[in-house]
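Right, I'll just put the structure down here and ask away after.
Think of it as A, B, C and D in the order they're written, each chain with its own count starting at 1.
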Amino acid sequence: MKKKVAVIGATGIAGQQFIAALPNHPEFEVTALAASTRSAGKSYLDALREPSGAIGWWCDEALDEHFAKMPVVDAETFDAKSVDVVFTAVESDAAKALEPRYAQATPVISTASAFRYFDDTPIIIPGVNNEHAKLLRKQQKERGWKGFVTPIPNCTTTGLAITLKPIYDAFGVRAVVMTSMQAMSGAGRRGGVLGLDAMENVIPYISGEEEKVQKETQKILGAMSNSGIESANFPVSATCTRVGVLDGHTEAVFVATEQACSVADVARVMREFKGNLEGLPSVPNPLIYVHDDPFRPQPRRDRNMNDGMTTVVGRLREERALSDNGIKYVLVSHNTKMGAAKGAILVGELLVRDGYIG
Amino acid sequence: MKKKVAVIGATGIAGQQFIAALPNHPEFEVTALAASTRSAGKSYLDALREPSGAIGWWCDEALDEHFAKMPVVDAETFDAKSVDVVFTAVESDAAKALEPRYAQATPVISTASAFRYFDDTPIIIPGVNNEHAKLLRKQQKERGWKGFVTPIPNCTTTGLAITLKPIYDAFGVRAVVMTSMQAMSGAGRRGGVLGLDAMENVIPYISGEEEKVQKETQKILGAMSNSGIESANFPVSATCTRVGVLDGHTEAVFVATEQACSVADVARVMREFKGNLEGLPSVPNPLIYVHDDPFRPQPRRDRNMNDGMTTVVGRLREERALSDNGIKYVLVSHNTKMGAAKGAILVGELLVRDGYIG
Amino acid sequence: MKKKVAVIGATGIAGQQFIAALPNHPEFEVTALAASTRSAGKSYLDALREPSGAIGWWCDEALDEHFAKMPVVDAETFDAKSVDVVFTAVESDAAKALEPRYAQATPVISTASAFRYFDDTPIIIPGVNNEHAKLLRKQQKERGWKGFVTPIPNCTTTGLAITLKPIYDAFGVRAVVMTSMQAMSGAGRRGGVLGLDAMENVIPYISGEEEKVQKETQKILGAMSNSGIESANFPVSATCTRVGVLDGHTEAVFVATEQACSVADVARVMREFKGNLEGLPSVPNPLIYVHDDPFRPQPRRDRNMNDGMTTVVGRLREERALSDNGIKYVLVSHNTKMGAAKGAILVGELLVRDGYIG
Amino acid sequence: MKKKVAVIGATGIAGQQFIAALPNHPEFEVTALAASTRSAGKSYLDALREPSGAIGWWCDEALDEHFAKMPVVDAETFDAKSVDVVFTAVESDAAKALEPRYAQATPVISTASAFRYFDDTPIIIPGVNNEHAKLLRKQQKERGWKGFVTPIPNCTTTGLAITLKPIYDAFGVRAVVMTSMQAMSGAGRRGGVLGLDAMENVIPYISGEEEKVQKETQKILGAMSNSGIESANFPVSATCTRVGVLDGHTEAVFVATEQACSVADVARVMREFKGNLEGLPSVPNPLIYVHDDPFRPQPRRDRNMNDGMTTVVGRLREERALSDNGIKYVLVSHNTKMGAAKGAILVGELLVRDGYIG
């Protein structure tokens, strides 16, 4: 018996990525699509139709015919009790209003930031901090919910935290400096990056992004205790920029480690990193791929490894500017796959396996 | 009386930038253009002609008619005594052979790396280390040359060293971490970056670039003593990448300082930085422009400030991951203007003023 | 005594191009800037300020300090009697309401399409159809206006009509087929082309564009008689596409001519084309530049010839598929210079010279 | 029993596309990989290795492990008798020397142009001119070969000829005008398009391309008689340009037809076009896809339909500038899939089915 799943915000670009990823999922069956009142009552295909007559479907995958015909319901009045899991892909303001309502009855896995910084809420990246899920029990208890809200991190945090995890466990982390070169798809379509700005250019600022990455990375790598998550105490300093790339965030990472570590050491712990995820349907193998070719990773050529679920690393070099021990590297992470809908689905798979979704 | 100037490697893309910059220069008059044997004997225009019949002139500025008609001489047999200054814009291997020969008679200002790392050779950035020119006297004496060879730095070093200088003088520098997003023009046309690689992509590696930036920055900010230059002892850690930008290197810089410094402090010392260059014909005003707009600097919109001679800074923020005190920022520097030919011309102007070119 | 000029829609991207072009104009002095009620009362600089604090000034030219301080007035209540000429750079709907109001007192030169297709209104391209200005007398008389409204054409029509004119006069035109590859700046910033759509792509449709080009080209090349303009009767068939270019429309043009014409013939009549514009301040020399290099024209390298006022042609070849005689070629025309504000200013200069603006 | 296949020029970018396409092919089994003497004796993986250590594998598909280990033999000394079919993906000069040699024993299907314009050689596009294969019997007889050489067309011809075919059959074609916006991958990597040229630009010329398209289209749509192919007598006029697109040629096509045809008529004959290819393993369904959405086809979003084998059409409109009857449209064709290796494989499948490859 598959779990019944709802996708909220199904017509938006983040929601579409759920629709692209969920056909034929072995554990989840989409039984409800919800969107704004304007779309409610239409078929999903009609809800995607733009004034020009074009179909506003933006994923590379073809739109599944079954989903095309599904009716869209109103997210405002959607009854979360009718499903086992809710995936939300809505703006933060909408999330603040909708997610607590759904969570009274049903587990909610969210791509929005609304809940990320609450003390009773984990930001789970499967493989990195599976054990933080325990905090959801506290959230349920204190809020009196049958369900819960568990957000995934900002898409720029994802690759950083995944690659830091094996380093942190093996050698300790003292400080992190990171510069991102982020893809345009991270900004979405509504209010998205104009061609006039992105073409032949770098935009050195993404509002709020650096604060999110710094805070979320510390929380995700924090220690779980009975009282909650104690954020890791190493500083994270980020400069986040936008480049003319469609998909795939590139990050240049500099890590000061507690203990000495060679390039070979770090390559080994990254390659061996499994994260206790064996058997989950969407888990990639490997979680982290390490290139020896110095010209890699490149976002266009590496973002799609294992359908966008593997974090791809290269240019491992020793780092001595921050402290006596350290490593620097470049990573590519697919911001709309592992960093968004498919990452949220993997969280769902983990929470099913570990008994949080019943 | 203007100084007589030769441009060596005049048909290459770096050489063309000299040709584009030197018409109507108040102090320099180009009296000789030299290139490989293949071009020798042709007019400059004919030497630029490609097999297809197209004129391979790649600067935005129109080709000056006077230069178009000038004859090209053979760099191998060019007599440097016929001019007061030689600007070389040739590959490193050619520079190794040609520059010492010219320098026996005449000052050579070079865009090549061949001499950069010799103990008797400064890497001068006007405004940053004018006093390093003294080392040229030692070079002349020890090598028995009437002239000298003085190279400009790698184009990625230029903006970094210029912006570090006022910070270094005011607050001290303990460590520097830098990630560059470099323009394609830095790779030139022969063996240059393919559209198939650059389009919608980031290339995370530029062979040899990081080592150059690290070493040159330390040397340029080093102290001049009687025995030579003692490189600055703060570590510099760089990741150099290539992005789909035509001109203008963008760099995300993180600096640990010795002393506390606020964003306002750093903005002030950058804006006030003059470098003792007043009155030189090519010196921009300001040397460093500091944006308050967080979406700047952008390479496409800022690279041409003061005809590519101003280093443009923005996103000044306090930096605490590397140490207790520090600053981070983003800079844009025009790699083929201040970072190449026009920067070399500015060196020439400085050396004339300070009596090294007679 | 310079003519007093108002720019309406001064804060928009088309309006900014007027502001960038008009400082130091020998005949026009801007005495009023008008925009929407939201901007009225602010200085021009403040009116450009965006919520983020950034200044939304999008021209390459620096913003003139004098204009920065000028007050912006409300276009709704602006008194056109206070100036000698009004340049309007507003959306078509606003133009429909505002332009007739201003025209009661004052000549209006418009970048909007609102008036283009009225029988009593010419679409003047200086050099192509100067004599169509006579129709403005009829417009004034019939409408009872002291001023008039004279629109410039769509930016895609401009280069096509300019290059067809000397062919039409010398050899006659039987039919025209044209495919455009248009720059993103043609779509402006509000509702402009997304980077996600433009990057590494071609968009094969621009709503309404083909109809405009077809109709306007026939009208502009039409004959002026006492009763009005009789559109030229050769068919024009266009496919208009958008490519990832910032500025400069490229058009591949195929022309069936009435009479035989060789490549040399056509090159000659294009190069000799003067259009009776000698002495106008903004007129470029030449009006049409013809490349022999087959790799030209390219939008990035040719759009700025004579500050964007010259139409650049290349790849002249005989054309035999449409009829027995003909020519095909590629042109580049700067869509936001000759194709917009600066083209409108040139119309103004022509109308001053020819006595329509007193 | 699968046919034994050799790929000649296997290390080049065109050859790699065969290697990417042939794993698990139901009819063809690659038993030999050949390349230049320099690569001979190495494993295929080692032959792809570049001086930097990077693996120069440029297809999106992962390199098949079986092929990676296969030895590369010398194309000069390769014994074509050892296989049933030879696919060649070499430069035209090499093709001229190698292909006749192989053809003495074995059928050769070539992506090179060397044989395209011989009177005894067809240019087969499956579905368009299957019956031209008969000419191969004549070629064999006259040249005394057991095999033959059959080239595929230039990648820009492919989509044009496929879309003209149903129009030609149903309504007759009187004249064709076409402007292409071609992808950079068509120029390959060696001597390929530089980022400095392609970025934010259009290059209006591709040497030799227009002549190829014009001549090949007439030949492919020509009539087969006992004496050979009589090229179709309608004129084809092309302007071929390069745009900053990675893969997928876009073409704006204007067709004068003999008989009247509405948009609906043409959409219908395109959609119904089967080409007598049913059952071939690589044949796409449909051969031609017709969009109603006016914003399609776009190369980035449409090139991969049916793994790059479907020609995608849109913007069907009536065409009246060339003659009284006609149609215009935009097409996208994947230049390195249907237009190259995979198109050649489809030719192979057709020739097996029709008994030319035994």
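Criterion: contacts are C-beta pairs under 8 Å (C-beta built on N, C-alpha and C of every residue); 3 or more make two chains touch, one makes a residue touch a chain.
Keep in mind it's a predicted model, so treat the numbers as computed, not measured.
S.K.: Work out which chains are contact partners of both subunit A and subunit B.
M.R.: C, D
S.K.: Fit subunit B onto subunit C over the CA trace and report the rotation angle, somewhere between 0 and 180 degrees, nearest 5.
M.R.: Resulting rotation angle: about 180 degrees.
S.K.: Tell me whether subunit C and subunit D, two copies of the same sequence, contact each other through the same residue numbers or different ones, using over half shared as the line for same.
M.R.: Answer same: the two copies use largely identical residue numbers here.
S.K.: Using mean CA coordinates as chain centres, what's the subunit A-subunit D distance in Å?
M.R.: Here subunit A and subunit D have centroids separated by 41 Å.
S.K.: Would you mind pulling out the distance in Å between where the CA atoms of subunit A average out and where those of subunit C do?
M.R.: Between these chains, centre-to-centre, one finds 47 Å.
S.K.: Can you list every residue of subunit A that touches 2 or more other chains, as numbers and ranges?
M.R.: 52, 197, 199-200, 207, 244, 246, 294-296
S.K.: Touching residues of subunit A toward subunit C in the complex: what are they?
M.R.: Touching subunit C: residues 52, 58, 184-185, 189, 192-200, 207, 244, 246 of subunit A.
S.K.: Using the touch rule from the top, collect the residues of subunit D that touch subunit C in their complex.
M.R.: Touching subunit C: residues 175-177, 179, 181, 197, 199-205, 207, 235-237, 239, 241, 243-246, 250, 252, 254, 294-301, 314-315, 319-322, 328, 330 of subunit D.
S.K.: Quick check: in the complex, which residue numbers of subunit D touch subunit A?
M.R.: Spelled out, the residues of subunit D in touch with subunit A are 52-55, 60, 199-200, 292-296, 304.
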